[in-house]
Every structure is written in structure tokens, then in C-alpha cells.
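Here come two complexes built around chain A, the first alongside chain B, the second alongside chain C.
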Partner chain A sequence: MKVLDFLLRTRGRQRLHWTDVLTYAYLFVGLFMMFAPVLWLVASSFKTESAIGQFPPTFLPYSQKTVSVAGHEKPLPLFIVTLDGGQQREMAQVNRIGILATMVDAANAQDSMQVNINQRKPVYELKFAWNNYTDLFGKFTFGTYLWNSVFITVVATLLTLLFNSMAAFALSKYRFKGQKTVFLLIISTLMIPPTIILVPVFLVINQVGLLNNLWGVILPAVATPTGVFLLRQYMLTIPDELIEAARMDHASEWRIYWRIVLPLSAPALAVLAIFSVMWRWNDFLLPLIVLSQSEHFTLQLALNSFQGELNTQWNYLLAMTVITLLPVTIVFAFLQRYITTGIASAGVK
Partner chain B sequence: MRFLSFFFDLLEPIFRLGQRWLGLSRLGWLFVAPNLFVIGVFTFLPILINILYATTGGVNLFPFERPFTGVENFQILFECRDYLDLSTCRKDVFWRAIGNTLKFSVMQVGLMVLVSLITALVLNRKIIGRGFWRGVFFYPVLLSPVVVALIWKWLLQSQGVFNAGLVAADMTPIEWLTDAGWAFFWTVFVSIWAHMGFYTLILLAGLQAIPRDLYEAAEMDRASPWRAFSRITLPLLMPNLIVVLVLAAIRAVQVFDEVFVLTGGGPGSATTFIVQFIYQTGFAEQIHLYGLAAAASLALAAFLVVLTLAQLRLTRASEAGQKGR
Partner chain C sequence: MSTLELRSIEKSFDQTQVIHGIDLEVKKGEFVVFVGPSGCGKSTLLRMIAGLDEPTAGDLLIEGLRVNNIGAADRGCAMVFQSYALYPHMTVFANMAFGLENARVPRPEIERKVQEAANLLQLNELLQRKPTQLSGGQRQRVAIGRAIVRNPKIFLFDEPLSNLDAELRVSMRGELRELHQRLAATMIYVTHDQVEAMTMADKIVVLRAGRIEQVGTPQALYDTPDNVFVAGFIGSPRMNFVPSSTASQDAAVRAALPPDAKQVGIRPEHWLASSEGLGLAISVLGSEYLGAQRLVLGRLSDGTRIEMLMEGATEPKAGEIVYMTPHPQRWHAFDATDRRIHRSHA
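And then the complex of A and B:
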């Protein structure tokens, strides 16, 4: 009981209640459940091709040590051989026939012997296979996928910010006939999930000639109801007197929009920019039907087609997955507060 | 910055002209025009075309060159010789997809809202570093569905860490993703893992809006924690719970990407859901049956409308209930 008292002691207040212990237990289990799968993926992405096929798998990228021996072209795998006398020796394996393996001393290529395979144990070493990452850029057209994803994300986000802020400006700072209808029309698209208009969207994109074109993914996505709503709500808090004063000074309406209202809406624009980057970077269904040729694939599409192959090269696939989740993770690490409060206040993802 | 102002100055003449023609108040139309154009072309036009597709047959992509077939597409989807035996249906995969989607939605939404509620309650306690813990549960929400599916596919593959655990415990390894029952379980589990953080956040916002003094009053009255929960927390959280429930249901019915990458709809059609059926009939199979796909999406749309109406009904009922109290 003494130990328990010590552990549950807190500064000042009464000691921790058992419900507090339960609370933290829940939180740590949650931490494990949410991050362990991701960590496992990241650790596995550093494994060599041979280490990735090993069963049972290890968390850290251990792979069998190899040595180059004179007279052999390729490096040979290293084993610890238990000799009949009980002493142990580190030897490289030349070949293996049935249950017999030919072993050779790494330093002295002449010193070879045959041993039963049960007498030898592989020697492991920690080895990070950085080439899983570097190879991506040489061996595969990975650079193209990365560029496609970046291009779509950046251009779509910029256009989203421009179009949505223009609409939000008109809907919050003007009074014109049909304004309410326009607002409702834009908001009502929240109710129309992209999945149920998949076929006709494909037709429209085909008709305007944007099939297998990155713009075919960008354009349909730039008028987001969430963005208009978020920005409009924010712009409503900007006092109209500011705009009136600018009009007195003969500023044009366009100047009022981008010199006064846009800078003042920076916080809301930032939230929308974060959202838009997430949406576009993670987009899957629309690119899947619009971009069918591999030179136009985004990272998500490339991952999907890569994992569907008969002989999935997991070491490359995992490295690619890590690169794909990296930007989102970095954005999240730095802007977590904005994202979570933004979602909690707008109630939309 | 200079580039930015150059770009914006470039657009200025358009709006000067617009103001001369339209007048100041109607200039708003010019500002909403790009947005309206995009949603008109890529959302409202497609809704109309969808109806054209659903009522025509053939494999032609262009709607006016397709022969009119009336309700035939719906007949193909829904007709069965014997409604008690799905294999007698003309499109038994569609029925299986509906069944799977319903089963998935009920399990996923039920479990996820429960887990989200518990997590939100835990996060609402006095804990050190609440912002950090909130972020922990939210992180998977930001990952792309493809990445989520690949993370779990890697853990669940036959040589993966789960099977290593089983072998270490002297049990026989399980083919997690090619056994029908297990594959279905993991689609539910993985989608809860990926999305619960979002709903936790909404529920947490709801919890934090409940006035503290209500609980202090309950403590004064020596109400048990359970009683405080069932008489204060639950009723006041009800509006948020309904929102979460319906939002989750609307999303669950449309489940596609994670499952598509994780199991590909298999084994057989054990994890084939409605959206995947639409995708396959419209785009993935040899003959692209756009009409059938469009008819299926109209059926899905009808179901979503029912869900939305249910939400309105429930919200109104709970508001009325609160006023009555």
C-alpha cells in the first residue's frame, strides 16, 4: 500500500482517485491504439527486402548480416555455427543443399566445412534500408506521382481560397436580389455526396475534355460549400463601416475585396487552406475515375495500384505510404490546435 | 507579394466593367459567379443527367444517344423471383451490397458513437495535457483512406504482426483479410479507428458547453456520478449525439475507399458495399453499365434523403422535449 500511496500522491490536492487512474489508463491505451499501427508501418518501411519477408517480424529493421568473402561475387549471409564440441564460430554460408549447408570462414576462404542446418543460427544486425526511399525516385515514376499530388493540392487550394472568398464576400457584404437563394444553393451541395453523382460527373469531365488531365480533378473541387460558409460567417464580423470608408475614398469594389476584406479574413482563410490541403491530398474517388493513365496518377492512386499488383513489393510500398502520410502528419503536428478548434466550431470535416 | 498584387490588379478591370453594367448592388453576382459556375456544372447538372442515365440503357456514355428504357434499370436492380432467396435475384450482388452496407452501418455507427462518447467523456475530465490527448485520438482522421487501409493491411497480412502474436501464443495463424467473417470485422474496426476522432471532437465540444454549476448543484444534492451523467450530461448532450449519429450514418452508408483498398470487396462479395457496386458497374467492369450505376446511386440518394429527414425529425423532437421539461 505504501507504494500505491507514493504513486498516487499529487501536488497539493487530494490523492488521485481510482477513476483518475482509469482515465489515464484509457488515454494510454488510446495512445497505443492510435499510434502503434503507424509506428509499426514507419519502422517496417526501413526494412530490407529480405527482412520484410521474415516471420515472425521484428519491430526494428533487423536483417541478416552479410560478409564479402574472397572468391565469391555476392556477399554471403553470416551464421553462428555450433560445432560438435560445443564451441561456436561465426561463418558465412556458401550454399545449402537439403539439410546440409556449406560454410566458410569469412577471413579464410579455404577453411570450409559442411554442417547440419540446425547447427547454425543467423546473425542479425540493425540496418536501415534507406534505399527503399531513394530507389523510389530512380526506379519508379514516383517523382511524377508526387508532383501530380503536389500540383493538384496547391492549385486547387489556391483556387478554392479565391473562389470561396469571392462568393463569401458577395454573400456577406452586398445586398442583392436572389442572395438568399444563392447562399442556400451553395450550402445545399453539402447534402449531395459526390458518390451519388459519380457517373454524370464522369460524363461532364469527359465532355469538357478534362479526362486524364489534372485539371479534371482540380476544377470540380474548388467550390466547396464548407469554405463559403466558413468565410461568410467570418466576414460577417468585419464591420461594414470599414468598407463604407473605403468607398468614400473611391476604392474600387475589387480593391476593397482584396486589400481590406481578404487580409482581415486571414484566420478563416488559414483554416480553410489547411482543410483544403487535407481534402485534396487525400482525395481518392474522383481521381480514381478521372485519372486512369499511370502518368497522371496521384500518390493515392499510385499506392492503390501498387498494392493491387500480384507481387506487392512491400518495402517500396511502405516507403511510399510513409512519404504520403508525412505532409499531413507535419501539418497536424504544427497546426493541431487550429484544425481541432476549426472542426469543433464549424462541425464539418 | 508583388506577384500577388500583380495578379489581383489584372482582374480589376473586369469588376470595374461589371460595376458599370450591373450597378453596385448587383455586382455581388459577379463575385459569386465562379462558385456558381463550378457547382452548376459539376453538381447540379450531373444531378439532372443522373436521372437521364437511370432511365436509359446501353453502353453509350452520351445520354441523348442512349435508348430510353424507363424503369428497366430499377427492375434489373430490384427484381427477384423469390425475395427470400437472394440468389434468384437478377442482380444478387446489389442485394448483397445493400445487406452488407446495412450490417456495416449499424455495427460501425453504434460502436463508433459509443467509443467516441466514452473518449469525449474521458477527455472532458480534469487531465494534464488535454490538447495533446485530443490530438492523439484525432490524428487518424487526417490520414488518407488509402494510407489507413495500407497501414492495417500491413499489420493484418498473413505474415504480419497479428499472426506473429498468434504464433507466439501457440495458436494457428488466421487469414484475417481472406476469411469472410474476419474481413468484415476488420472493415468495421478500421473505419472506427480512422473516424472516431472526428466525432469525439464534436461530442467534446458539446460536453464543454454544459454549464459547470449544474454538476456542482448535483454534487451538493449528493447525486451519484451515474445519476449526474444520466440526468444532466446525457439530456444536454442529446442534440450533439443526434448530429453525430446521423452524420456517422450518412458517411457509413457511403463507405468505399478504405474498404476498397483493404479488402477489395472480398473475399467474394463479403465486404462489397453499395458505392463499390456503383463504381464497379459503372467503371471497373468490362462493359460500363452507366444506366445501372446511375439507378443504384439514385437508390442510395433516396436512402440518404430518408436519413436526413430522420435527423430533422429527431432534432425537432429533442428540442421540443427540452422545452417541455
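And then the complex of A and C:
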């Protein structure tokens, strides 16, 4: 009830103020623009291939009802036939030649008749084509793609957290010559678009021999200026006295980092983890140039390769897209509160 | 035997020198308080002893060993910070055990030591709590407990009571004294509060602008301050300073006043009633009732403001003239360089 009260709050006491109307209109338009394509995608991913191509399109996955009839191996499609007298009758179609179709009564296979195709209408039912999803796991090397994506995302995120936090720790808690310069250098790399360094990165990866190796995608992406900046700003808020206390407590610099600074930076680390998962999972360009053999493809690359030149299996493509969206959505849903709190507190000071 | 020795310690931050050559000896088991106004370098001095800052020049010796190049962890000091600096993500137990874990003390011994310290500080009930769930006084005790478990040669306290409310501060003062006696440990305590210094210290080190003004027992500082600064800093309410020309209006002072005296210092509690012609004429400006006593505010003939502590019964009216004379043994004369002139009777 409270949630509803909150959602339905208005500026006007009794009636809607004109700003309320405007706000709601704006929000609904925004919601529609952002969410409708996603909903359409999810709904369509449950359609059979023929239902996707159907015109006019339907939002929900309708497909023609079928019925099994004695004497026929495959289930037959069901139609409603309008008889000459105006009566309507549900019949299954055995075959169709030209404009004439042979229809039978589903219950009585002997009762057949010839019907003009204009006199019958297909019977639709709501049917989710789960096999779009289940086929994926068997039909293609989907499992490999999924594993590749998960491996790259998880390992790259862990390494990103580790290395960025170490850099941030040094930049925020140690005083050394050139500290500012180093920090500025790191930050300034934010201004270099990734496309510009794509060729050099490729050359380096090639020279190191990491082409067609998942590590070739992981390693170049580990050090991120955004991550260093975010964590440094957060670590600046950790009081120096804590670190001095730990130092007096006989803690080595590594232990100070591992036992004191890291746990206290958890909110900022969560933010960076979310970002990193999104970046790595959705990354397309780097995997595209590094991984050329299909057994090393990530989901994003696989999605791309699904669009053949001559033939695209839309139902599988859509199902795969939904699966690709899921992890990021889940991660975001669970950790989004850290994004707001983390960014807010990382901005202070 | 001295536990700690400072030999002409100096400290500069960039171009500014904050400590100007300090020599000091601290004996084993002593409770030494560094006191001085803010910015006098007392915290810097403590941090240098702890090993958190490095002296620019001079030698620092702990138990006869030069420790300038030894890191904070290996000097055998434990520090209680002003903000307590408890690790917020660890329980009280983990906070106290952290130092021992780092020193690779076996687990059963860690438990025993933490338990002992917890008993001593009445923290048993709180061992599984996080610092945020504790009150100020409890946090303070955890911070002290964290220092105790490591059994340090020297305890260092950096204004540990300044975050507590007045009542708690007084009781913690007593607890700290008691702890000092029980552990028989060497303690160095930094504060800007001279009352804290007076009530707790075996030995007070008064600092000003990076120099030691005077070292001595609380009583020595109170009775025989070396100079105007110490005289004014120690004791509350503050000592009154009267130019000697005005002070010599008093017959007794005039008779005993050293020739090179520039000003005379009289503590508010050291005034005696006198009579016209003998004592100093003070016009009363007002008074504050303190219960047992009354703090009377007055003005001398030359406009110098004077504070006097009087027995509470009679209330001098504002505008009234009272005649007072300094207690013959308790007033001090200071020369032109603000140093105290030794008077034969004192």
C-alpha cells in the first residue's frame, strides 16, 4: 500500500495539478520508449519462426492450434470453416492444393470435405515456444559461448577490482614524488577513445601471442582509469588514522590494503564491479578483433554471427539476445543501490 | 633507567620548522603529559616517537637504542588515537586481536590476551559488537584495550579524551590513572587541556611553538613556573599579570619586589584581604558564583583586569572598591624577558 501511495503521489491535493499530468505523460512516454522494445524482444523470443514472420504482427506469441488425428502421423493445423449454410465448424486440414483444402473432423477422421481456403480461418492459441531456448543449448555451441562470456566477465572483473584498487590505494594513501602526475596521466587516458587504440592493442596482443585466446580479451581491459578514479576518490575518505593504527599494529602494507582498505571500500568496489560486469559482458569490439575462431566466441560475437548473409534464424537470435541481457539485468537489479550510494559518497571530498 | 630519550629532535614540514630541538628523558613507568596550545607541536612530537613521522634531525632512543630508522611497528609503542581509529568493519575482539595476528601470535594466546584486556577494561560483554554499536566511552576503552594487548614498552595517547563529554572525561581520567598504576607502564599523553595534565601527570612537559617551556611535576609547574607562558598556561582560572609599577602600590610587594621585575603574577586563589593604604585598590566589575567560592572580576587603577577567588559568603557589589594584597609567598616576579625572578623566600 505504501509503495502505491508513493507511486501515486501528486502535487495537487484533490485534483491533478497540470504539472502532475505533464510529469506522468513524460514518464509514460519515457517508460514506453525504453521498455517497449525490451518487452517486444522478450515476447518475440517465445514465438515460433513462422509467428515472427506473420503479418500483422502480434505482441504475444500466438501460433496456430494443432490437433492429432487418427491416421495422420503429424498433428494437423486447426481451422474454423464457415459452411455454405453459414454454420461454423472446427476442422483440421489434411492438405491443400491450390485454393482447395482437404479438411477432416478432428474426432472423426472419415468425415472429410473439400473447402475453399477463403472459407476457413486458422485457430490461434497462446503458445510459448520454449524450444527457442532449449534448442539453443543443444543445437549450437551455445554452452561454449556462454562459458567464454562468463569466464571473461568474471575473471576480468576480479582482476579489474584487484589492480584498480591497488593503484587507487597507492594514489590515495601514499605520498610520493609525481603522485599527482601519475594520477593525471591515468585520468587523461579517459579522453582517448577505445577505437583509436584498437590497432595498437591488436598488434600488442598479436605479438604476445594471445590472439584467439580469452586472456587476450581479459588483460587489455583490466586497467581502467574510471575504476582507479572512482576507488581513489572513495579511499580518500578513509581516515589516515586507521592506516596509521594498523601500521602501529604491526600490519604489513599488504595487510593494511587487504584487511583494512579493501573491506572499507566495499561500496565503491561494488560500483566498479557492476560497471566492469556490464563493460565486459557487453564488450564487442575487442573480442571481435581478438577472437576469430568460433569456439572462442563470446555471446556477443555469436549473436553477430547468427545474422547470416542469406538466412537469419530470428527465433534463436531473439532467445539468445534475451539470455545475453539477463546477467547484466540481474547484477544491476541486486547491486544498483550501491551505484547510487557509491557514486554519491565517491563524489564527496 | 630511561625508557625514552629525545636528543635535540627537530622537525620541519617543507620549509617550516615546527619542532626546534627538543631534549627530553622519560623514565620507566612515568606518566608524562605533553601540554600546550594547539599548533605547539605536541602531536607531531608524539607521532615522531610513535614512528609515524620522521624527525628531520636529532636522535630518538628507546631503552637506549637509537630507533630513528626503525619502523613504527617495531618500536614497541602502542598508540591511542584521538578518533580512536577502530577498524569499523571488525568486531571488538578482532580489533584487539589484529595487532597480535599480525605479529603471528598463536591463536590460543591471542584469545587469552584479549580476554585479559577485556576483563581489565570491562569489555567482556562487547567483544562481538562492532565499533559503531558502542558508546564513546566504550570505544575509548576498546582503543586502550587494543594498545594493552600488545604489551608495549610505551603507551602513546593523542588527546584520547577530547571526544568525550565532560562527565565521562573526568571518570576516564581516573580510569587511565588507575590503569597506569596497575600496568606500571610508561605512558606519554598529549593534551591541550591543562586540567587533564595537572590531574594525571607524574611529569608535565609544557610546549610552545615547538620548544619546551618547562618540564616538571604538576606541583612544580604550579608553584614555580619558569616563565610567564607556563605561569599563565598552568592553573585555572588563569594567573593575573600586573605591571610591577602598579603592583608596587601594595606595600608588601613594594618591599619585596626585585629591582629588575617587569611584571608580577598573582593567581586568583592567592589574594588576601587588606586595607586602604596597604593593599591594592581594586574596583569590582562583577562576580561569578561557583558554589564554594566566588570568582570576582575587578580592575586595578591602571586598568589591568584582575580575577580573584574569594570565599562565597560575601558578595562584593559592582563599582565597590576592595583592598587586596597578594599572598606574601605566592606571588611571582617576572623580568623583561618574561622569565621568573627567583625570590629568596620562595
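The rule we apply is simple: the second predicted complex is superposed on the first by the 316 of 349 C-alpha atoms of A that agree within 3 Å, B and C clash if a C-alpha of one lies under 4 Å from a C-alpha of the other, contacts with A are read in each partner's own complex, and residues count from 1 in each chain.
By our rule, a contact is a pair of C-beta atoms (placed from the backbone, for glycine too) under 8 Å apart; a residue touches a chain by one contact, two chains touch by 3 or more.
All values reported here derive from a predicted model rather than from experimental measurement.
Enquirer: Scan A:Leu272 for contacts with chain B and chain C and give back first, second, both or neither.
Expert: neither
Enquirer: Which partner does A:Ala223 reach: the first (chain B), the second (chain C), both, or neither?
Expert: A:Ala223 sits against chain B, while chain C stays out of touch.
Enquirer: Can A:Arg175 be said to touch chain B (first), chain C (second), both, or neither?
Expert: In the superposed model, A:Arg175 contacts chain B only, not chain C.
Enquirer: Regarding the shared-chain residue A:Pro239, is it in contact with chain B (first), chain C (second), both, or neither?
Expert: second
Enquirer: A:Leu264 in the overlay: touching chain B, chain C, both, or neither? Say first, second, both or neither.
Expert: second
Enquirer: On chain A, which partner touches more residues: chain B or chain C?
Expert: B
Enquirer: So in the superposed three-chain picture, is A:Asp249 touching just chain B, just chain C, both, or none of them (first/second/both/neither)?
Expert: Only chain C; A:Asp249 stays clear of chain B.
Enquirer: Once chain A of both complexes is superposed, is A:Val81 in touch with chain B (first), chain C (second), both, or neither?
Expert: Neither: A:Val81 stays clear of chain B and chain C.
Enquirer: Where on chain A do chain B and chain C both make contact?
Expert: The overlap between the chain B and chain C interfaces on chain A comprises residues 252, 255.
Enquirer: Quick one: which bits of chain C touch chain A in the complex? Just the residue numbers, please.
Expert: Against chain A, chain C makes touches at 50-52, 71-74, 77-79, 81-83, 85-89, 98-99, 102-103, 146, 150.
Enquirer: Would you tell me which residues of chain B are touching chain A in their complex?
Expert: 8, 11-12, 14-16, 19, 24-32, 34-36, 38-39, 41-43, 45-50, 53, 61-63, 118-119, 122, 125, 127, 131, 133-147, 150-155, 159-161, 163-164, 167-168, 193, 197-198, 201-202, 204-205, 243, 250, 254, 256-257, 260-261, 264, 275, 278-279, 282-283, 290, 293-294, 297-298, 300-301, 304, 308
Enquirer: Which residues, counting only chain A, touch chain B once they are in their complex?
Expert: Where chain A meets chain B, its residues are 19-20, 23-24, 26-27, 30-31, 33-35, 37-38, 40-41, 44, 53, 55-57, 162-164, 166-167, 169-171, 174-179, 182, 185-186, 189, 191-193, 195-204, 206, 208, 219-220, 222-223, 228, 252-255, 257-258, 278, 281-285, 288-289, 300, 303-304, 307-308, 314, 317-318, 321, 324-325, 328-329, 331-332, 336-337, 339-340, 343-345, 347, 349.
Enquirer: Would you mind writing out the residues of chain A in touch with chain C in their complex?
Expert: Going by the criterion above, the answer is residues 239, 241-242, 244-252, 255, 259-260, 263-264.
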